[in-house]
Amino acid sequence: MKSSSPLKWFGSREGLYYLALAFLLVVILPLALDPFRLNMVGKYLTYAFVAIGLVMCWGKAGILSLGQGVFFGLGGYCMAMFLKLEASTPEATAIQSTPGIPDFMDWNQLTELPWFWEPFHSFSFTLIAVIGVPVLLAFVIGFAMFTRRVGGVYFAIITQAIAAILTILIIGQQGYTGGVNGITDLQTLKGWDIRTDEARTTLYFVCVGMLFLCLFAARLVQNRKLGRILVAMNAQEMRVRFSGYDVAAFKIFVFCLAAAFAGIGGAMFTLIVGFMSPSFIGIVASIEMVIFCALGGRLSILGAVYGALLVNAAKSGFSESFPELWPFAMGALFIGVVLAFPNGLAGLYRSYVMPLEDRLFKRSKPEPKTASAPAATKPSAEKADDYDPMITTYSPEKS
Amino acid sequence: MSAAKSKGTDFLLAVEGLTVSFDGFKAVDDLSFYLDPKEIRVIIGPNGAGKTTVLDLICGKTKATAGSIKFAGKELTRLKEHQIVHSGVGRKFQTPSVFEDLTVFENLEVSYPQGHSVMGAMAFKRDTAVIEAVEEVAETIFLMDALNEPAASLSHGQKQWLEIGMLLIQKPDLLMLDEPVAGMSVAERKKTAELLRVITKDHTVLVIEHDMQFVGDIADRVTVMHQGKVLSEGSIEHVKSDPKVIEVYLGH
Amino acid sequence: MGTTDTNASVRSPGKRLGFRKSLMTLAASVMLATSAQAATPSTADVNTTDLAVTDDTVTVGILHSITGTMAISEIGSVQAEKLAIEQINESGGVLGRQIEFVQEDGASDWPTFAEKSRKLLRQDNVAAIFGAWTSASRKAILPVIEQYNGMLYYPTFYEGLEQSPNVVYTGQEATQQILAGIDWAVKEKGAKSFYLLGSDYIWPRTSNKIARKHIDKLGLKVVGEEYYPLGHTQFNSVINKIKLKKPDVIFASVVGGSNVAFYKQMKAAGVDFTDEKPLLLTISVTEDEIRGIGGDNVEGIYASMKYFQSLDNPNNNEFVAAFKETYGDDMVIGDVTQAAYLGPWLWKAAVEKAGSFDIDKIREEFAGIEFTKAPEGYVRIHENHHLWSKTRIGQAQVDGQYKVVHETEELMEPDPFPEGYQ
Amino acid sequence: MFDGYTSSELMSIFAMQGFAGLSLFSVFVLMAMGLAIIFGQMGVINMAHGEFMILGAYTTYLTSGFFQSYLPGLFGGYFFFAIILAFLICAVLGALVEWLMIRHLYHRPLDTLLATWGLSLIMQQAYRSIFGAREVGVDLPEWMMGAFQVTDLVELPINGLFVMIIALSIAVAVYLLMYRSGWGKNVRAVVQNRSMAEAVGINSAGIDRATFALGCGIAGIAGAAFTMIGSTGPSSGQAYIVDTFLVVVFGGAQSLIGTIISAFGISQAQSTMEFFLSGSMAKVLTLLVVVGILMLRPEGLMALKVRR
């Protein structure tokens, strides 16, 4: 969807929505919040990565994964392993019986670094692994399930089981993984202290940057024919199959895409929060990630970001003022979002706010465009809010 | 059927000894029939005769328990659905299954035989070739004016046509239509018959239909199925006069 | 001074000295209480690191889980810390300043602990943080508190292997609990074989490691070692193994809900702990846990800890009375709750010894700080920031209380990095 | 891994582990039965199933308290009363939930999953507010304590046996209800062809409500039984949910027999492995195997091939 002139796109309604989000994240919040709060927003944003993935995977293609925490965690652990190795220099760990290995290994009588830790000395390898490991696992799962037409509820339950397995495994193998405590006390990234306010603020902006990269990637997929196939698959899988598409391949692709996003989110989480622990892999964490997406509007990648921000902000807010109410609120949220407004905030926005905008900006229905190929595929104002599936207008050749 | 024939080389489609059973119940039982290129064949038969199951088997939706399906010399029983489609078989379902929230244009575009791999779909661009192809088909299925309508807003009959169009744009050699005129108004039926005649100029068509009037209009040959077997085969007059057929089907 | 000051000095001069000191502080605080700011040193002197200290107040932080799975365990600590603060305020506060506290909820979620500790240090500039319960939450707080040079008073008995200049560990580290416990079982009960059982995370694993080493040292044998996931509720298999191996002692460090299932299933499998075949020695079941398990399910098991509610000494009787008066008669007080109660008092003592709230000045003074009014008796801070404390063995009664059957004569020296135990 | 055990010991090991497996099996059956009915028959995923179970447990806890204080004489028998009560309370709540929530979502199975998860959060917090966060201890009448001594090694705990009996009788009852009663026929009719069933005058909405209520009621009984061997706390229910779902799916959602078979297989596998491996690893391996098999055979063990 490389529109003939990007500027024009920014002028479009969709473009404005992206600008608005960017303005909020890059200007307003940093000005309004102290470094501490901003850091918390950064943490919330890392969940938005997962939510975006879920929009593509669940909202569009109808594949509900209750194990996104697994990919989030894997990405996070890859990053954490690198940072931990950097933190455990022989000097820093002199008091250990085996200096130079992470402290928790020493406590568990490991006398040398396990083989699968070795490559994480290299930063470039880590960066690859952050995306590669989650995607690889997603591919294996996806291939096994989708080529056998496993879907819907079954898929959800199995992903859930996988989350359970990984959690128990990590906790049980604490010599290699740090166990329940996770991998903690991470200090520097290539010698750069990530604990200072400056670093945290920088990381926040890096996180926002990455987030927009993922947003645009997701948007690209969604606006290409690929995105249309995904939605079509969700509604009429049979028809898509008999239109000559290998449905499984598309499902595997989108599942891997979601996993990649989650992995990036996890890595950012590790950098921003300063450690990684199994509690983000587990079932509860994974299901909460789904609600971020559901609240934002399961079809809207922008909505997903707002969903993640709002739910988490609310969570912190509640737990500071009246803690015991939070679970009730959360529960009500799950039920309400499903029963009352299945299209989440994006849906509400579309049905209540956009009409106002239309009146305000006098946006008329899409003005016909010339059928030069790019123009024909360019989103009309109608679909521009990025929520609507994919109505692209076509207009006849005659000029 | 003589051995010479059964090689299936001179046929577009050769179905031989086709059998499928669900928990012991044989929905299709040692079925054999052959389609010549450019032929219009109508399969009729009482409910539960296994008509739809035959289409399912040919297009790969259901896997055969035994038997072979040779299409243009290629064995279909081992292929995946999308491979079968790519080898030139299009199938329309009984109830219209179009993409409701896509426009007519997009429905056809999605079916356009290009960019069917993941990466292909990513790279796919709506170039003039596509637009022309879509317009051409839209013309044939009487939906030229509805190109920008979301499919959801079409009438039942129009949806049926759209689905047929979605097959046409794939340029298949064999079209399989499951009750194309079911639930259509008289006017729509006429148009559909006309549409089929156009189509058969350069396609082989395999139709399931109940409406004998309509069958009479379009069929070259008719295959009557009963309890998963071929009961009778031949011209419409021939089957109409076949006592076995009258017995099980037309008699009441 | 901490190291030169060995067990020897504990009984005679040290104790008297400690006694006098505490009398003095008490007297002092009484005076302060009566003649208000008179003796109060100026804020400029006592607070050079802009902590939240005014001329008549000082703010501290309380950081525990009020929600989530850990709330159940941490609530007692919160109550104890608030009680201590209240009592200190009644006795005139610290350096003439009333203590105010900011309470934050860790929500049983480790990043939240990190966040909230950062908030307490950065926004509220608290002079001290009393909080954390699980090792995981402490590990999450640690980098933060070291970065901003705060001071955490951590109440839980834990695995050791840590010694931060920014933490005071008011609970026991593993060796204090375990060595005493095992020695007792060997001496008093003639135990020869042990079965080590725990929930699957760092504290039980480390504890059992220490136990195993110690048992080997004594030339006795470990016949089994077993871990189950947190929250596991099916223990029939391990019960069978135990029956098969017939150990003299089951050394248990099972935590949380698993406890309930484990003891119920033991009982159901016909094991009567009162006849001590095998004898069960736990380091994880405090009076708090028994409330959930049910007294009749644990009757007869032994626990090795530094505090039991039933301890009979004036300090404790006072403490228990005060606690019940504040929070209701049905309250039970476990080891950790008591340790949490020590936090504010030790901080007060350190501050007054240093004559300043500045963390660095206080840190100077920690080694040797005593608290003679401790419910558990007398405690003193070791230079490794852990406490010298006695270890007691209690036997669980059907009413859910422990009957103290043994206590170490001397204070156990805290040893977070035990030689030859790693 | 067998080293250190004499053959006679090994015999009794397998005997005892077999029994340990059986009690795990009965736990699974108790949980899975209710789930299998709801999921298998209605295609609804009830994530709050564990919380319904705990509701049953709390009911038992309250009943025992009541008997202790008011009818100490009858305490020995309170348990049977508690079971019935647990069933009723959970069933009623279940029917209510179905009416308020589930019935709007039959065509959206994934959404029921989320909605019921929300429900489970609310129920958990409700327990926490009412009964406190700490597990409650449920006193058992004396006669349920202790065990039968079979050999010096092999002992059969009485309450274990009791749970097993409950589990089996429920399994049988459900089977009869589903496959031998007119009502069961209606249920299956609705499952196979809703509109047709309605056409022949079956009140499908009523059937749905009843089915869901029944499932929840059975969960309640499970909870009552668990007070004897497990812990009763606000979040105790969640510990079982994943295992149970796997049991149901593994068994082939539609078939109750399949559910029982898979429950048996999984429990035996796990308890046997538990003996030779650490508890954690045994659990991981069991789950891995189940997931692995499900990947190869998604339809589960006992799925029927239907003409699609």
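In order of appearance the chains are A, B, C and D, and numbering begins at 1 in each one.
Keep this in mind: a residue touches a chain if its C-beta (ideal position, glycine included) is under 8 Å from a C-beta of that chain, and two chains touch if they have at least 3 such contacts.
Predicted model, so just to flag it, every value in this text is computed and none were measured.
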Task = Determine the shortest chain-contact distance, in steps, between chain B and chain C.
result = 2
Message = Please identify the chain with the largest separation between its CA centroid and the CA centroid of chain D.
response = B
Message = Centroid from C-alpha atoms only, then distance chain A to chain C, rounded to Å. What do you get?
response = 40
Remark   = Taking each chain's mean CA coordinate, chain B and chain D are separated, in whole Å, by 48
Remark   = Between chain A and chain B, the Cα-mean centres are separated in Å by 43
Ask   = So which stretches of chain B touch two or more other chains?
value = 61
Key: Residues of chain D touching at least two other chains   = 128, 278, 280, 283
Note = Residue numbers in chain C touching two or more further chains are 200, 227, 229
Task = Please name which positions on chain C make contact with chain D in the complex.
result = 69, 71-72, 75, 200, 226-229, 231-234, 236-241, 243-244, 257-261, 264-265, 267-270, 288, 291-297
Ask   = For the complex, which residues does chain D have touching chain A?
value = 39, 43, 45, 101, 104-105, 108-115, 117-122, 124-125, 128-129, 238, 242, 245-246, 249, 278, 280-281, 283-284, 287-288, 290-291, 294-296, 298
Key: Footprint of chain C on chain A - complex, ascending   = 34-36, 39-40, 43, 95, 97, 103-104, 106-109, 168, 171-172, 174, 179-182, 184-187, 195, 273-275, 277, 279, 316, 319-320, 323-324, 326-327
Query = Of all residues in chain A, which touch chain B in the complex?
reply = 221, 224-226, 228-229, 231-232, 235-236, 238-247, 249-250, 253, 371, 373, 376-377, 389-397
Ask   = Quick one: in the complex, what on chain D touches chain C?
value = 5, 9, 12-13, 16-17, 19-20, 23-24, 27, 128, 132-139, 145-147, 149, 153, 155, 157-160, 228-233, 235-236, 239, 271, 274-275, 278-280, 282-283
